[in-house]
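See the structures that follow.
You will see two complexes here that share subunit A, one where it goes with subunit B and one where it goes with subunit C.
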Partner chain A sequence: MSDQYTNEPLLDMFLFETSQLIEQLEQSVLISEQENCFTEDAINEIFRIMHTIKGSAAMMMFDNIASLAHAMEDLFFYLRKENPKEIDCSAISDLVLEGVDFIKNEVNKIQNNDLVDGNSDTLINKINECLNNLKQINITSLNETISLDETIPLNEIKPIDKTDVLNDLYIAKGTKYNNEFKAIIHFDDDCEMENIHAFSVINKLKKITSEFSYIPADIIDCDESIEVIRNEGFQIYLKSDESYENISNFFMRTIFLKELELVQFKNEDEQKPSCKNNQVLAQKCPIKLANAGDTVKIKNEQIEKETSSSTAQQSIISVNVAKLDKLMDLVGEMVIAETMVLRNPDLQGLELSNFKKSANQLTKITTEIQDIVMSVRMVPLSITFNKMHRIVRDMCKKLDKEVQLEIIGSETEVDKNIIEHISDPLMHLVRNAIDHGIDTDEERQQKGKPIAGVVTLEAKNVGSDVLIIVKDDGMGLNRSKILKKAKENNLIYKDEDDMSDNEVFNLILLPGFSTNDKVTEFSGRGVGMDVVAKNIESVGGTVSIESIEDKGTTITMKIPLTLAIIDGMNIKIGDSCYTIPTMSIKEFFKPNEDDIFTDPDGNEMIMVRGQCYQIRRLHEMYKANVSTTDFSDGILIMVEQNDKIACLFADELLGQQQVVVKSLPKYIQSFKKTKGLAGCTLLGDGSISLILDVSNIFSF
Partner chain B sequence: MKKVLVVDDAVFMRMAIKNILEKNDFEVIGEAGNGVEAVEQYKALKPDIVTMDITMPEMTGLEALQQITDFDSNANVVMVSAMGQDSMVRESIIYGAKSFILKPFKEDHVVKTLNQVLAV
Partner chain C sequence: MKIRNEENMANIADDSTEVEEDTQKDRFLTFTLGKECYGIEIKYVTEIIGIQAITEIPELPPYMKGIINLRGKIIPVMDVRIRFKKEPKEYNDRTCIIVFDIDDMSIGLIVDSVAEVLTISEEDIVDPPKMNSIFNNGYIKKIGKVGNDVKLLLDCEKLLSENELETIGEAL
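For the complex of A and B:
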């Protein structure tokens, strides 16, 4: 467990960044898997992502994630370095995707404040096994590339006679230094990696003298030297022309120095241990450093050539969604407050030309603020759509079907709120399309269809709505099968023959409906489509289904772009005010008594330009007290929703207003289920108006 | 207050380091997400000290280090490295890095390292 859980912003950032990286990684792997090869860029990208996740997870003490990322990083480091020819792309993709799933799971646990207890050991073992296999299959001649990690065993040290090389590094040949020193450096207890600190000292030392040696001698490859330095200190023997004081100052500037013992030998006084090995090893080091220089150069060139798919360097900042929600609420309050000022009863009947000018300016500005706040919350659907690739891939593998995913219009944007409600329904619809929709390979062949099925995801803006369409070219829906199942579950409310195809297909959206006889891993529990419908309705949208047998099925989700602030028309019914969303209004007019008649079922109808529409008396629906029920005293408002049209009868129109939709208080909702209300709002004079939900009025 | 330039391609890492530094008398005057930005920022802001991640896209920490020390031979650059990157840390020392921090790092260690480098 980490005590950094209390550091909320840091944890949020970790979750945000890790989630982003994982998504990126998943896309990259899916593409590589499709192309059946890992390009240099892909390998680099995957390596870097794993490296970053390893570091961040370790910092936040999520060790299971860190060690998994480390194992993957090692695998891709190998792929990057050796570039082996024989790799099983599919197997490696599976492994990486398994890792992706693991990390996604753990991140979810963190977000839900659950125990991060996933065990990555099995997967790590699999990865290591894969790496070992790769190494065995692709044994390359490592001897050619001099790598810095190369360990040169002690017994291979040959006496150095490459004096030329030494000359390059040393200041002068055969300098006779006058002073001899011995220094023992003890580093701080918590310093760690003492060998690298020692290396740093030596690196600086060679700038002031060319004759020195040190114990332990191998501070590059030998990790045991760390212990030696910790216990006995880092011993350096050197010759120089510098004074004792200067040498002392030099060593005192060592980082993490705990203690320095510095002794100057008088000539011939003490014998420094003449360990030949020691001498040779010390001289060996410069050679190594020279080689290091070469290898570094090569590496740098390689790095320059690498074109990395870097994170987009636009001016972007990430904002907490809670802040955006608050901003949105405040904008709503601002619109209400603005209306209350501009339509204040105190202003009735006053001569207000100057005021009106300023009011217009104010309105202009608040409208602009509104638009920008809305747009800030808009997020392209591409992120959600791209998640579907993984689902298609997994479904195809499991069901042994071949399906291509086509995505159109993914740059279409929707409010962030909506994205969260769309993701699950979309996944369900895509799964359905592949599971039920797409016929098997043989069936497709028989029908003369191309073997690969096509599932199309499309998004587009139509008016103030966003349409999201899931289309497949599979078997289509079977009308009779659906009717049969609906009858079994008592879901039919109309005579079968009277039902249009659309109505029949929409039956599958009802709870408890499923024509699948078996419950599979993916479907058949009959809870899918109705949950889809509910999710979409909860953001104010609708679902409609079209299908042609053997050609395919199309499911369209229509979602309004703005939830909270709409243009509304205020109307009066008796003493009460109601508001109708202007987008639902087609026209209003004073009815002509002659055009009104009653149909055989007792419904009042009106003829308008040769078409017949039903009249709904709002005062009856909402039990309002009205002074008159004569049509001539009131007004008819023709509204349309989902291709259905009706005329609403109200007393009078009060005027248009920008309306901030507030949902009905919970206690009212739970107390009484009022039909046909989408919410409520405040009018300019502070009174409350109920907002009509036009689509529900039709089912009153 | 000592002025620091924090360089790492992971926003999370920059945030983590920044948190530690700002609690300990350092002022983070700039951040960079890759080597190219690091060099630009260094030249523009002239910080007292730089924390430099080794593995970055566009230009690695090593290259950025080289360019910075070419520009300012007294530059104080502390490399930030993951475990197992010993060889790259040594390379960076050769190229003038004053010291290094290993990930995952502890607050005191980071502060101590930076303070010691500045004290020299």
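For the complex of A and C:
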């Protein structure tokens, strides 16, 4: 029945809000668990979150989420009120986290338009059981005050089903009902959107009876109805065959119910004035035409109300990422258009001092806009980092290790796109660190280390890059083990003794390498580090490993701040224009013929200041037609990537420019032969330049 | 009440898109390659532009001429002549690029010239003759009859997807 009433903006809001709350909840539960007690603040926060989720889920008619939230709310209501001394903190945390997982799962289902069919009954029973246990243990402090709130929401569904069947009978009988009732419902003071809650009451009421009226009449359409409901309560007149108790029970199940007045009438006379009253009140609220635009407006107002309540705390709005992407694209277009205008061939040779002044102004503003748009897309790493708490906790429980997670510099910001790419690798590295890195308790004792292992997540800005460091104080990497494993898998291509430690450690980044002998739940399937390396490389980053045996391992990911706009050097090869990221260029120079020599395999090399570098002819690599292949006619560009250096031979330099990186069309990418290209960009004159993928040049 | 109303609105919106698709039904954009006349379903076509500067991309099959900049959007272009293993022809001012959208991908087809938009009703469309699989490369989905002329109706999906098979084949 849920889908019958879903309307997109509200649903979006619900999904967004719920997932945020759930994340917040997870955090506070984990913190509480670490401290092994629920502080008053934490309990209040969890209670508040559960309360909100319950309300909004009930509003959206996701009954399973609502009833689960209700059960958890009860549990924390008890904790808040009674403040019992004897509580099993980790058991409660387990329960709450289980609930969190359930809600996450359901929210996912809603997002994917799947049927929301999860059954929370067992979980609710568990929570209730836990609550009862708690009460028994703390029996001395038990009061009567909470008895009303303890109604188990489980039976919420059954009676309705029963009345559903009865309902049909009533209709068949005709509209004559025996009993008449008047109910006045008062909602909780802080429950917000009273009209929506009232609407859902009416919806449920429809199943019991078809003859009813209510005041205010147009609850959804008229904003003033909220005020009326708040002040005077929501009044319902109904006729039904149900007994007073049943009707009373029905209304008592209303979410956020504060007060209920239920009166049974003797005859029909008393209901008539009420109808009159109804009309008077209804007229007070101007009746609006029922068109679609109207609903949209009201929805907007609801959303505004929700956001305005949150803006009181922080002035943040949520924006669709697609819009930001579009804005980003447009700014990119604008930067290109700007160069098109300012370097217009028509202007060449003209003395235009006023134009130049205005042009400078324009350049300044566009650069500023570009910076702002970039900064809008920047997201702090804290969300990604904080997710790791949960992973650490779960793994510690499973593996029976004691590990602390330390987080440094989580306020560091990176582009939204990049965050998406690093969260999986990060998760993998943290898992690896705990599973393979941190030694067992006995081993740690023998080595004289504190029993609790430490995994450190650190982020910091270095120039135009962000470093993300995953460090553990575990057993470190074992050189000989890695070498042995690499030999088994034929991954070694040079003499073992010649390999530096770093080179050996980098072997674990190769595909098909996993030193862990047994496959565990968390890691060790042989697809591990190479996927991490690949993911990071796909955003133009690099992975490096340092390790000291018995001291620990440090894995550093170096990723660029942003992907979208880079400084590029345009070069010419044949007729086409290519762009090299300025970041990776060390220098460029006209080669001296005498310094160039060729080895017997035909590899060309050049001696620069006593160092020998290989030369790659770009026109050969990219199969371009060039008029001359003479070194003296072209230019050499020395590029560096991952400590590897090479000289690229190009025809000529065209100049430096900020370029907007665009990916190659999907269709072109499907050929999978474009490995030397990182993308393409538009030049000032509207023509396309291809961006070289420097890291791939070395693997050509 | 409100909600019902909105559903109605949604239905109306749906209807209107259906009507729009209906007007595109049975309509084909025809173009020439040498002597033959080909047609593609109009619903795929987004626009027709004159030939413009093409940026070559290395290591692509010869029929993929490269990429063009269409108002800031980068789209790949394919020379249909070479795709159908015909003699390549110098581009001239009659040469056109037909831009069409399929599965969220835009792609340009370079053709000799664009002819017209025709309505070919279903009864005038027949299956191509069953030929030996070596001859039948599958790009022609149907054959349309217009008066005495014959239009070869292209299978757009096939035109694109075929190369992926080739690439995989080469990789093996």
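Convention: the second predicted complex is superposed on the first by the 493 of 700 C-alpha atoms of A that agree within 3 Å, B and C clash if a C-alpha of one lies under 4 Å from a C-alpha of the other, contacts with A are read in each partner's own complex, and residues count from 1 in each chain.
In this section, a contact is a pair of C-beta atoms (placed from the backbone, for glycine too) under 8 Å apart; a residue touches a chain by one contact, two chains touch by 3 or more.
Computed from a predicted model, the values in this text were never measured in an experiment.
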Touching partner for A:G448 - first (subunit B), second (subunit C), both, neither: neither
Touched partner set for A:G349, first subunit B, second subunit C, both or neither: neither
Partner chain in contact with A:P600 - subunit B first, subunit C second, else both or neither: neither
Touching partner for A:K54 - first (subunit B), second (subunit C), both, neither: first
Partner chain(s) touched by A:G676 [first = subunit B, second = subunit C, both, neither]: second
Partner chain(s) touched by A:G610 [first = subunit B, second = subunit C, both, neither]: neither
Contacts of A:E17 with subunit B and subunit C, given as first, second, both or neither: first
Which of subunit B and subunit C A:Y667 touches, first, second, both or neither: second
Subunit C-contacting residues of subunit A that also contact subunit B: 7, 220, 292
For the subunit C and subunit A complex, residues of the former touching the latter: 1-3, 5-6, 9, 53, 55-61, 64, 67-69, 72, 74-76, 105-107, 160, 163-164, 167, 171
In the complex with subunit B, residue positions of subunit A that touch it: 7, 9-10, 13-14, 17-18, 48, 51-52, 54-56, 58-59, 61, 147-149, 188, 190, 192-193, 196-197, 199-200, 203, 220, 253, 255-256, 289, 292-293, 296, 300, 303, 308-311, 313, 318
Of subunit B, residues touching subunit A in the complex: 9-13, 15-16, 19, 33-34, 55, 57-60, 62-63, 82, 86-87, 89-91, 93-94, 98-100, 102-105, 108-109, 112-113, 116-117, 120
Interface residues, subunit A side, partner subunit C - complex: 4-5, 7, 220-221, 290-292, 294-295, 329, 332-333, 336, 576, 621-624, 662, 664-668, 670-674, 676-677, 680, 682, 686-690
